[in-house]
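As structure tokens, here come the structures.
In the two complexes that follow, subunit A is the common piece, with subunit B as its partner first and subunit C second.
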Partner chain A sequence: MSIIETGRQARTDIYQRYVKPGLDQLSSFKTVPTLGPGLLFLIVFFFLPIVILVSISFQAEFVAGTVSELTFGNYLKIVNDQYFINTLIRTLLMGVAVATTTLAIGYPVAYHITRTESGRRRVVFMLMIIVPYLTSVVVRTFGWLIILLENGFLNTFLRWTGLINGAVKLVNNEWGIYIGLVHVFLPIAVISLMTSLGKIEPEMEHAARDLGASRVRVVTRILLPLSKRGLLGGFLLVFALTISSFTTPSILGGNTEVMATAIYTYVGYLTNFNLAAALAMVLMGFAVTVIVISNYLGQRRMEVV
Partner chain B sequence: MVSDRTVERLGSYAYRTILASIYAFSILPVLIVFVMALGPSQTLQFPPSGITFKWYFVAFAQFAEYGKPLMFSLRIAVIVGVLATVIGTMAAYALVRFRPQFASNIQGVFSAPLTIPQIVIGLALLIFFYQVGLQTGELALIIGHTVIGVPFVVIFVSVSLNEFDEALELSARDLGADRYQTFRYVTLPLIKAGVFAGALFAFITSYNNVPVSLFLIKPGQTTLPMRIFQNLEYGFTPDLAAIAVVQVLVVFAVVALVNLVIDVTEIF
Partner chain C sequence: MPHLEVDGIRKTYGSVTAVEDMSFSLDEGDLLTLLGPSGCGKTTTLDIIAGLTRPDHGDIFINGERVNDLGPENRDTVKVFQEYALFPHMTVGRNVGFGLEMDGVARDERESRVKEALEMVQLGGLADRKVDELSGGQRQRVATARALVKEPAVLLLDEPFSALDLKLREQLQVELKKLQEELGITTIHVTHDQEEAMVLSDRIIVMNDGAKLQEGSPMDIYESPGSEFVANFIGKSNLFDGTIVENGSGSYVAESSYSGTRFRGVSTREDSMAVGDDVTICLRPEKCDMQPGTPEAGSENALSATVDHKFLLGSVVQYRLSVDEPIYGDRADIDFIVEDKNLAEHGEFDKGTAVSVGCRPEFVKLIKR
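This part shows the complex of A and B:
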């Protein structure tokens, strides 16, 4: 232990034993004005509205300021209606498909960025991922509309090559939602994989290569096992974000609805707040469960305390 | 027999091709909006038959359609950025430094808005405002966007606070600095990166938002992403692409500004 470390240790010890107890006594007095505003803000404008939403989902009618009889009717309506069941299944399958795809194509990118040694080149590659991430989802989805529509970029190109005569239908269906969401969440997958891949020493791969392992073997025996946690965490995160997303499915899905767009349909066009609230609860239930599992696995836990 | 060298080389080409395609996939939709806005024809032409900036003038000539929503979005995002940063930084400081009882639970409260789908938060706020009798519009939007912006500030500032030795603050206090001076001249410079990163994310989250704004705008006063979202229903036009480019460039300008103070690539 160096003398500096010893000094720092001693100082920390003194602080913990003699100073901290005194500060702690004072701290509740200081905590209220510093922590209070933020906590109060979220309790009033986040938790309270969610609680009200829960209660509305158990009521048959929505009249401001009154509570009507509690009922499971809205939930029963959802469970008994094939349309809602299909929408839910479509949403969950979309989550699995998008999470799997973003991780599969994000993996080589994350590996490439973490293994690029030149700082300037790494920034360029990072920008290719971060620029779309900072661009609003509406604009990115706008870009996909230009590419995917029947008279769009891709179909024009395919007709020009003579591969097709008519048009490949890639919007107003599941394909549009899938392509758009893979693009929206690719940066999230790359960033979460970079954290995990950055921790693997490149020397480990060099050693395996020197000992005669093929590149494929390095990937399957070293990289994948060591980044297992990153992959799992990334999967759960992208899954939760995918099932929650509204903007992209709304623009690229047309009449093909997912949970989020169904909620909006019931508020915006049908003004059935109670059913919309119940749908919101179902969606929230899935999203929160996945995030809780992810936190439990220790992926996104914040190291504050 | 194909030699191992050949296999390796083919594999390396395949790897590079795959990488190049993924990078292209990532950047293409953004680029194509820029290209669309530069082409002279009403409909999409590829390659464009020329380069023109007229669509930017066309877009801004319709001030009520695009200019006003842009100003409105900017105003809200700036207010939200400041508000979220102030209450988020204070909360993070209290959580990390004063370590109150139930600190980890309170930490959970502050990150909760990130786990709930934004469409659900928007709907919950709409119903809440309706019940307490608050009209939708500017104030409702500011509140809604702050709810989803605060978690970023708390997370980024907490990370920054954990990264430096608490003894530094203690030393300043020992040397006679009062609590304010310590915070202003010791703590704040050390957590600068976290504060700016949080402010940047709060700003961008508000400025780009659709799922919360969807419920909280009032007729006749809309945000820019909402206007683009609504107009996309009628198909794409070059002036819509031009205003989309402006929307994107504003974010990049803000990122570039923040990059003068902190290294933005460090955030990711």
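This part shows the complex of A and C:
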């Protein structure tokens, strides 16, 4: 062994034995000050409220500051009432529908923004996405009301063209909620997809075309698989936001209730905090389950492929 | 009929001309290199042949058939990308088989051809690996296999080795050349590396600013650079200005514009030169001889110089000299380079030695400007 090699070996040994453990420890200490504030915030404003909510949902009566007898009564009431079951199913389906639609509409938009060579066009598209966010969601939703009502712009226009006689019912039902939410959450889907599509080298598409793939196959075999993370992330985000959204369903849904509006009814009008808490827990349970399952599927797919 | 013909293609991006009136043709089994600095339009030319870029003007013929209107997926060309562009979500085998799958080749045949292609590039048994588990050299081989497995009429290589270190690059160059000759596949290769071009090519086209400067065999281009740019780009050259003062039969005499030193040499172009024409005098470092002492006053093809630096480059010694006569005009900072292989004959020259540098007339190249 040459002198240089011996020296190098000794240096490696010293590093492994004395320096590295110290560095490792240092880095674990570092996590406390960096994570600390965030962790504290989460505990106070997220974990504690949830614990309180859980405990309320298992009580028959709500008296602030006290804990009465624990019961499954609220949950049994939900399970045995078709109204709640329907509302839950409607909410979850709405989540799937809105998430799928925003991703389908947003995909070409996100693709275009990440691929265009014109800087000005990119800015224009980004502005089109962001500017609606500068207006209150209430205002935007009332805008839809004006468009979609029986005597609104759309129906008037359709009658004028002679396509319909009466009116297409587009508000105070699921359609109203669906249209409103797709509009509200489209930018989120686009932004989530942009991150993912931006990482795909244009060479991938060129190579696929060059090897004989049609444009459609470039999308199905290259772009979609490579943007899977963005699709999954976008889906989960829009799904979670949709099933918990309140403003749009309450304005455009009329008597058509989703979980959030049902919870509001029970808190605001019927002042049954316990049932409302149980409803909130059920909704959260489904949301968490969907997120965990799709995350797991996404991870696994990623490894298999 | 040539196997591939490129006829007068032109491509502009806004006000920038990427390729200007490029024409060449290629026989079956030939390897042609487009050589030039980055941004000279060589990759654009390659993409136009592949169908990835549409030319503003001009035609591409493969086997006599005009392919301008065919998309890249319908052209019988395959490109190996500079960064390989392997699909990260597929295994090595799926990557290599992708082209066949797109062409609708049945699974059984596909698998056997993929296996064959991987063995050809010495990656047999790695079909199930993920792309990100491969080294740079292995990725390059996968990219090559992915292209070759389709047995294209024309193989297009875009700087295929530029991401590799020198040793590996040299090894893969030789392997690729052997493979290309064995398969007899018509190939266009793009590089800025003149050594790579010399190793691989049957023919070289030197490009600059989107235009073809010179076309010929590697030897032609090295021995008879048609312009100062080519002389500078291909190998090392000692270049200085001169004027033709004598037109002999087959040889010319040029006089250095600044020192008046006379050089007898040959023209690098077909067209003849006349007395009074401006030329660039080109002396290749390895074609120069060095003797101790100073040349006789007024002698042709000889310069007096002093050794500034001496570098041992393995098989040769490179000397950097300062020439005593002002052949570079005001620019005294240019080194005159001589590479010497005959170490045994006269030994090495130390720093500070006064030498006489000479060059035989057949090695003095006079490039008309």
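The rule is simple: the second predicted complex is superposed on the first by the 235 of 305 C-alpha atoms of A that agree within 3 Å, B and C clash if a C-alpha of one lies under 4 Å from a C-alpha of the other, contacts with A are read in each partner's own complex, and residues count from 1 in each chain.
Quick note on the criterion: contacts are C-beta pairs under 8 Å (C-beta built on N, C-alpha and C of every residue); 3 or more make two chains touch, one makes a residue touch a chain.
Just so you know, these numbers come straight off a predicted model, no measurement behind them.
Q: Have a look at where A:I222 lands relative to subunit B and subunit C in the superposition and call it first, second, both or neither.
A: The answer is second: A:I222 touches subunit C but not subunit B.
Q: Quick check for you: in the superposed arrangement, does A:N255 touch first (subunit B), second (subunit C), both or neither?
A: Neither subunit B nor subunit C is touched by A:N255.
Q: Should A:E201 be classified as contacting the first partner (subunit B), the second (subunit C), both, or neither?
A: Touch partner of A:E201: subunit C, not subunit B.
Q: Now for A:G212: first (subunit B), second (subunit C), both, or neither, which partner does it touch?
A: second
Q: Does the superposition put A:T271 against subunit B (first), subunit C (second), both, or neither?
A: neither
Q: Which touches a greater number of subunit A residues, subunit B or subunit C?
A: Comparing touch counts on subunit A for subunit B and subunit C gives B.
Q: Take the contacts of subunit A with subunit B and those with subunit C, and give the residues found in both.
A: Shared contact residues on subunit A (touching subunit B in one complex, subunit C in the other): 305.
Q: Per the contact definition, I'd like the list of subunit C residues that touch subunit A in the complex.
A: 50-52, 71-74, 77-79, 81, 83, 85, 87-90, 98-99, 102-103, 146, 150
Q: Tell me, which parts of subunit B touch subunit A in their complex?
A: Checking each residue of subunit B against subunit A gives 8, 11, 15, 18-19, 22-23, 25-33, 36, 43-44, 46, 87-88, 90-96, 98-100, 103-104, 106-107, 109-113, 115-121, 123-128, 130-131, 143-144, 146-147, 150, 154-155, 158-159, 162, 165-167, 170, 204, 207-208, 210-211, 214-215, 225, 228-229, 232, 236, 240-241, 244, 247-248, 251-252, 255, 265, 268.
Q: Using the touch definition up top, name the residues of subunit A that touch subunit C in the complex.
A: Touch list, subunit A to subunit C: 201, 203-204, 206-214, 217, 221-222, 225-226, 305.
Q: In the complex, go through subunit A and note every residue touching subunit B.
A: On the subunit A side, the touching residues are 8, 11-12, 15, 19, 24, 27-28, 30-31, 34-35, 37-39, 41-43, 45-50, 52-53, 56, 62, 64-65, 105-106, 108-109, 112, 123, 125-126, 128-132, 134-147, 149, 151-153, 156-157, 183, 186-187, 191, 194, 215-216, 240, 243-247, 250-251, 260, 263-264, 267, 273, 276-277, 280, 283-284, 287-288, 291, 302-305.
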